[in-house]
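Naming follows writing order (A, B, C and D), and every chain is counted from residue 1.
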Amino acid sequence: MFSFQLSAEQQEFRDAVKDFVTNEVKAVANHPDRLQAEDPHFVPAILEQASQMGLRTLALSEARGGAGADHLTACVLAEELAVGDIGFAATLARTSELGHVLFDEAMSDAQRAQFLKSYVEDDNYHLAYAGSDIEADDSGWNYHRSEKSEVEIPVVATKAGNDLVLNGTYAFVANAPLAKLFAVQVKTDPKATGLTAAVIVLVPAGTAGLTIKEPAKVETDADGEQYYRWFHGTGGSVTFKDVKVPAANVLAGRSQLFGAAAASGRGSPLVQALNIGLGRAAYESAIDYAKIRVQGGLPIIQHQAVGNILAEIAIRLETSRNLVWKAAYAADHAGEYAAISELPLQIMAKAYVSHAVHEAALLAAECFGAMGVMKDMPQPHYVHHALVFVHSDTSNSTAKLRVAEAIADFKRD
Amino acid sequence: MDFSLTEEQRAWQMKAREFAANEITPISLAREQIADPKHTWDWEIIKKGSKQGFRTLAVPKAWGGHGADFVSQALVMAELSRADCAIGKAFSQNWKWSHLISMVCSDDQKKRFLTKFLEDDTFVMGKGITEPNAGGDNRLPPPDFPKSGFRLRAERKGDEWILNGEKCFIANGGVGKLFFLDARTDPNVGIKNGTTMFMVPADTPGFRFGKQFNKSGWRFYMNAELIFENARVPDANRVGEVNGGVKKGTDDTTGGDLFGDLELAAHALGVCDHACDAAMKHVKTAMKGGKTLANQQWVQLKLNRMYMLTEALRSFVMRIAWEHDAKVHTQNPGLAMNFSCDTIQDVTRLGLEIMGSSNGRMNASADKLARDAIIWTHLGGDSVLRMRYARRIIAASK
Amino acid sequence: MFSFQLSAEQQEFRDAVKDFVTNEVKAVANHPDRLQAEDPHFVPAILEQASQMGLRTLALSEARGGAGADHLTACVLAEELAVGDIGFAATLARTSELGHVLFDEAMSDAQRAQFLKSYVEDDNYHLAYAGSDIEADDSGWNYHRSEKSEVEIPVVATKAGNDLVLNGTYAFVANAPLAKLFAVQVKTDPKATGLTAAVIVLVPAGTAGLTIKEPAKVETDADGEQYYRWFHGTGGSVTFKDVKVPAANVLAGRSQLFGAAAASGRGSPLVQALNIGLGRAAYESAIDYAKIRVQGGLPIIQHQAVGNILAEIAIRLETSRNLVWKAAYAADHAGEYAAISELPLQIMAKAYVSHAVHEAALLAAECFGAMGVMKDMPQPHYVHHALVFVHSDTSNSTAKLRVAEAIADFKRD
Amino acid sequence: MDFSLTEEQRAWQMKAREFAANEITPISLAREQIADPKHTWDWEIIKKGSKQGFRTLAVPKAWGGHGADFVSQALVMAELSRADCAIGKAFSQNWKWSHLISMVCSDDQKKRFLTKFLEDDTFVMGKGITEPNAGGDNRLPPPDFPKSGFRLRAERKGDEWILNGEKCFIANGGVGKLFFLDARTDPNVGIKNGTTMFMVPADTPGFRFGKQFNKSGWRFYMNAELIFENARVPDANRVGEVNGGVKKGTDDTTGGDLFGDLELAAHALGVCDHACDAAMKHVKTAMKGGKTLANQQWVQLKLNRMYMLTEALRSFVMRIAWEHDAKVHTQNPGLAMNFSCDTIQDVTRLGLEIMGSSNGRMNASADKLARDAIIWTHLGGDSVLRMRYARRIIAASK
């Protein structure tokens, strides 16, 4: 039976997070020093508090000590957290999402026995995945052609008795500087291509030979071009130099962690739920400002030109949220997906929401006039973070081509 | 109808192109990566450019300047901004005030200030209008609230004027040697009738720079508060009549406002050219799905749009530059500025799209262009400016 | 409990309508002669068939012989019908909507006794409302100012014994040529302004002095400007010349029929549900064509440029439908509106959907090249009808300003 | 850089403006309201315009025509289309083929056809390329499928060519007296190498008009199928070399393709001017919420956008007209045509928005302009055309 109402439990949890964000997170997130420095990190205290509210272990099943949130609930709360700070919310979402996949789905009992207790009990225990989520990351680029590009796995694992010895570097892994446990995609044959010979192995932080390095502000490529690293929250390169881990740390039967759902575009739209929170932060700040800023003898919210901007933002956020919630609901009810939609909602959400929120962030900044580009204010940060969402995962353009393949019933071999 | 350039115009264009490639491009990203907004400015590039004539381009020949026409000015702005629009703007900001001096200042003022300006390679200028509580109200004074607008107060005391108040978001604030200030000399009427303009050297007693703003784009280009605490300005530095500071109606003859329109549009053109250049370079080498990006249809469509908008903007910019030279007065310069705002947003965003999704990294130049572009949304294309030109067009229509 | 799944009953009804549209409606709607003529009328046979399926009396309560559909169900089915033909669907939707309001809500028992039987039993019994739905039709135009514009009621009713005598003309009333019963907003005092002295009176078709005239193709105003009449389905002017009806035909306690919900922007988004059906018709025709039209050696659906267009349309329709369904659900659960949304969803749907479907219709036409502007094809008609939706009800721009007033918590006195 | 007009250019502009106001505007809506697509055409307006020179504007002076330059042509198109773009197009369609005749036809052909064309006020021309299964493939021949494209077959038989096949969506079909036809003379190679162009008078045996298309916009302007059933065309009517009909590369010297770019862009400009005029008239009189629409901020913002885009387009159009006259070859004309497509959509839509919501009625002129505008989406701005120019720009870039 169709219903657009969250359960009482979902609403309560959301209200609690909203209060936490309003009372605790915003002051830290929008502290002038932090805005000026554009420091993507977040003070540990707030992450600890969030953990104590159950947000770090949100998706972990209740039986294992988590909150057992489904995708929809995770999306509802991720939006609220991101209203406070996008990096903070992304970090928590990443750990929570990995917590469910690793502990509820991928680990053996023995592995769980080794790692679960610390994950549940340590408020500073975060997770990271060094690997490629999707094999066919060039789908879309290969619109209507069967050629697949293959993942390149940069870390090689060689056997040494009961151990695996890891060598290689992942250039960027989200959550790496905070993570206490890494799931690492490695290949056991240096000559293998794609996912042949790929396995996933658990590597605790602190293992000898494991080095985490935060990204340089600027990277220069072989072609002399400079690049900025775009990400939310925290992350860094992860280098393995003769890192020895027991072969028992391999996740049985896994060559990738999120592959199937993400490749079909029918997985959880968690990333875009975070993005909506970002858009809301921009929107709410613009409303507040428009009510107090006086020009022409009236608060600018009373000018049609500003009212129109706020309505444009509201409509974008409303349509974005509906799409994300629907995609999350469909991901939660994968068995009935066909009755809910014929199309890949997760990938549609990526294409639509990232564009809509970027526009919303720009429109919100416009309400602030010159203040909207000054780092005294969060506005330019909102615009930047919204751009990062446009270009994370897959590009919007290739996302649309993946939708088009679904429309055309094209199946890649 | 003739779109070709004179030899002089072409010469300025080529000179600027060379300077941009050889001097500006190599330092552009390095300057923008400096975190402290007080240190992004570089006197060396200003001095070098000044020696080439880019600081003093607009000073009339009669006063010892280059006397370049508006078409040449537009060409130079576009060329400099093709390398770095914040550096380009640091030069052209001075042209605006050269125009102003040569058009409305007395011979005595011209002698005193143009001479210094021409001699000193580090002499840069700015103008203060905006205040913390007066932005839109200055641009489109609301008829129902006649007293709104800036509040900087100037009171006459003998041969001097005593200034009190504060300006903010002022270009070249922190580095400028001379500022033009709009101040209220009659606080009982609106800014149209109660304003006088003053020339205020940076070493004026009672005048100091306040906060240096940390912008997300245009990082080279300085922007600061100007603070006046009983600042003493001699009456000899008054520009024009008392209470005659803000020109009535649409025919701004100060050269300030009108040129500002052309200025933003021409700089935007340079940014768009930059974005096209970078995207073209990228699509010819980057590979996806087994072919270069140039062979992807969606990339071709975006590239078409980048070039299409850029050439539309070039046509518009060159037309309004000619209109300035021909002293044709229309609302076209304002419309061109609005158009440049929309165009620069679209073109830089398309550039990001084409250059995006390389493993969570973004080409530093494409990233910078998009941040630079956002400045235009309030300088060149906010709703107040758009309504201003619409109202003028409505008023002028039969 | 949140759910994006329609009930089994809703799905069945939808599938039945979909079959009907595919097998019966489309052939009539897209008949070459009809497309060339741009005749907005629809052959009665199909309306009769639809009536026999229960679509004419869809919203009427079950107790009174209807299907008792709520707003959501009505929207789901209106979309399906409009895929077949927009005018046909609009006619049915209007009669169904009025059927519920008049027979379930507004009429006295005596009035029902007089009219209900025919309405339920006669497959050709349609309804029309001659009156103004919303008093403050200039809200939005009066952004953030309390001035209200007042409705002008063009028909005056004077008492004559137990009768009312009606004089005046409504320039355009939807469904008028088909209607067997009119609800007419009249004023009982010729000098009254706005809704003072307004009452609604039932006037059966065929009453002496009642004249229905179909609209001229072109109307010329006093200023010499020419105008085209824009509408969906059928309609015309309704003139009352000494029309005598019993005073017992007045609907007690009503000065307007839809006022409150429509004025608050929280009523049913039925009109935009129809619009989505129009967009679907354009979309589905573009997909069909793109699969068979070969250029460059391949069906054009295999060209990225065309795939991108189809994805753009799919995203617009998806986001539109989600918004309409949410608005319909909220209208069905008016008591819990605040928990569902803080904003006027019906008016947001108007602003968003009408824009999105117009874009979708243009994009779909583009897939057809030159064929897209030839009246051999339905494409130019889709574009025209989409434009009519942009400009029906209230304009998009003023709709956004009404949203902005809600954002600012502005209350009109 | 000079945007001013010569006396001759100005004279053509004024003459067209007068004709548009006095002759075209009064009949425009009446013609478009005729339901039967065979009867929207009006020979009277064609004859009147022909006597003013608008049919033969582009014929070189040496051959007895007016020899107007491209700037004049652009001005006349914009002025005529400001009244009715379908009528304007009915005139300028002839210029395209005058260019073609004067640039590539033999003297004998010029003599035979230009003479008739100049003498007869009802002599109009067209060209047939598109066929039911060949639209995009003609514009952007796919390298992987060399034989795709139009299929009209011409086989030599003695001094004649026998044509068989069908063209569709052909302008002036049904009223034209002469058509240029691209036909396959070598069906074993692609259209680039196997095409010959022929001049086919309407009274050619075996050639007839088929279906008259019923368009949603541009209703005055005729469009029909051309059907060839063993049509016999003398070899003397062959244009250029056998199998040399479609020029290679980007330098179209036929005057056809290049002018087509300018033509669509200039007509779009006229439509945009028309939309601005109508919207301005409306906002100054229509009242809502107790004030004229001109006083509503949202209306001002939309009006600004209409004028802004229109002036950007005017700048671009005049620039490419000059480029044609100056024989400067760039991709700008194609980009301007693409831009005109986007602009005409936006401006006519904004016109509808401003003039909409008057009790379920729509201003007939605003409605017509929006329907006329949609024609551009496939003629001037479909993805095939956009990719074509993008590919040329990519190929030309270093």
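Following the convention adopted for this analysis, a contact is a pair of C-beta atoms (placed from the backbone, for glycine too) under 8 Å apart; a residue touches a chain by one contact, two chains touch by 3 or more.
Here the structure is a predicted model, which is why all the values come from computation and not from measurement.
**Student:** Could you tell me which chain lies farthest from chain D when each chain's centre is the average position of its Cα atoms?
**Tutor:** Between chain D and the rest, the longest centre separation is with A.
**Student:** Pick out whichever of the two, A-B or B-C, is joined by more C-beta pairs in contact.
**Tutor:** A-B
**Student:** How big is the gap, in whole Å, between where the Cα atoms of chain A centre and where those of chain B centre?
**Tutor:** Roughly 39 Å, centre to centre.
**Student:** Quick check: how many Å separate the C-alpha centres of chain B and chain C?
**Tutor:** Roughly 51 Å, centre to centre.
**Student:** Listing for chain A: what residues touch at least two other chains?
**Tutor:** Residue numbers touching two or more other chains: 143, 303-306, 308, 397, 401.
**Student:** Could you pull out the residues of chain B that touch at least 2 other chains?
**Tutor:** 296-298, 301, 383, 387
**Student:** Going by the contact rule set out above, which residues of chain C touch chain D in the complex?
**Tutor:** Answer in residue numbers: 36-37, 138, 141-143, 145, 147, 149, 171-172, 217-219, 223, 225-231, 294-297, 300, 303, 305-306, 309, 362, 365-366, 369-370, 372-376, 380, 383-384, 387, 390-392, 394-398, 401.
**Student:** Chain C touches which residues of chain B in the complex?
**Tutor:** Residues of chain B touching chain C: 296-298, 301.
**Student:** Can you check the complex and tell me which residues of chain A touch chain D?
**Tutor:** 303-305, 308
**Student:** What does chain A use to touch chain C in their complex?
**Tutor:** Residues 1-7, 10-11, 72, 143-144, 287, 290-291, 301-302, 304, 306-308, 310-312, 314-315, 318-319, 322-323, 325-326, 329-330, 333, 336, 339-341, 343, 345, 348, 351-352, 397, 400-401, 403-405, 407-408 of chain A touch chain C in their complex.
**Student:** Using the touch definition up top, name the residues of chain D that touch chain C in the complex.
**Tutor:** Contact set of chain D toward chain C: 29, 33, 35, 130, 133-137, 140, 142, 144-145, 148, 169, 213-217, 285, 288-290, 296, 298-299, 302, 345, 352-353, 356-365, 367, 370-371, 374-375, 377-379, 382-384, 387.
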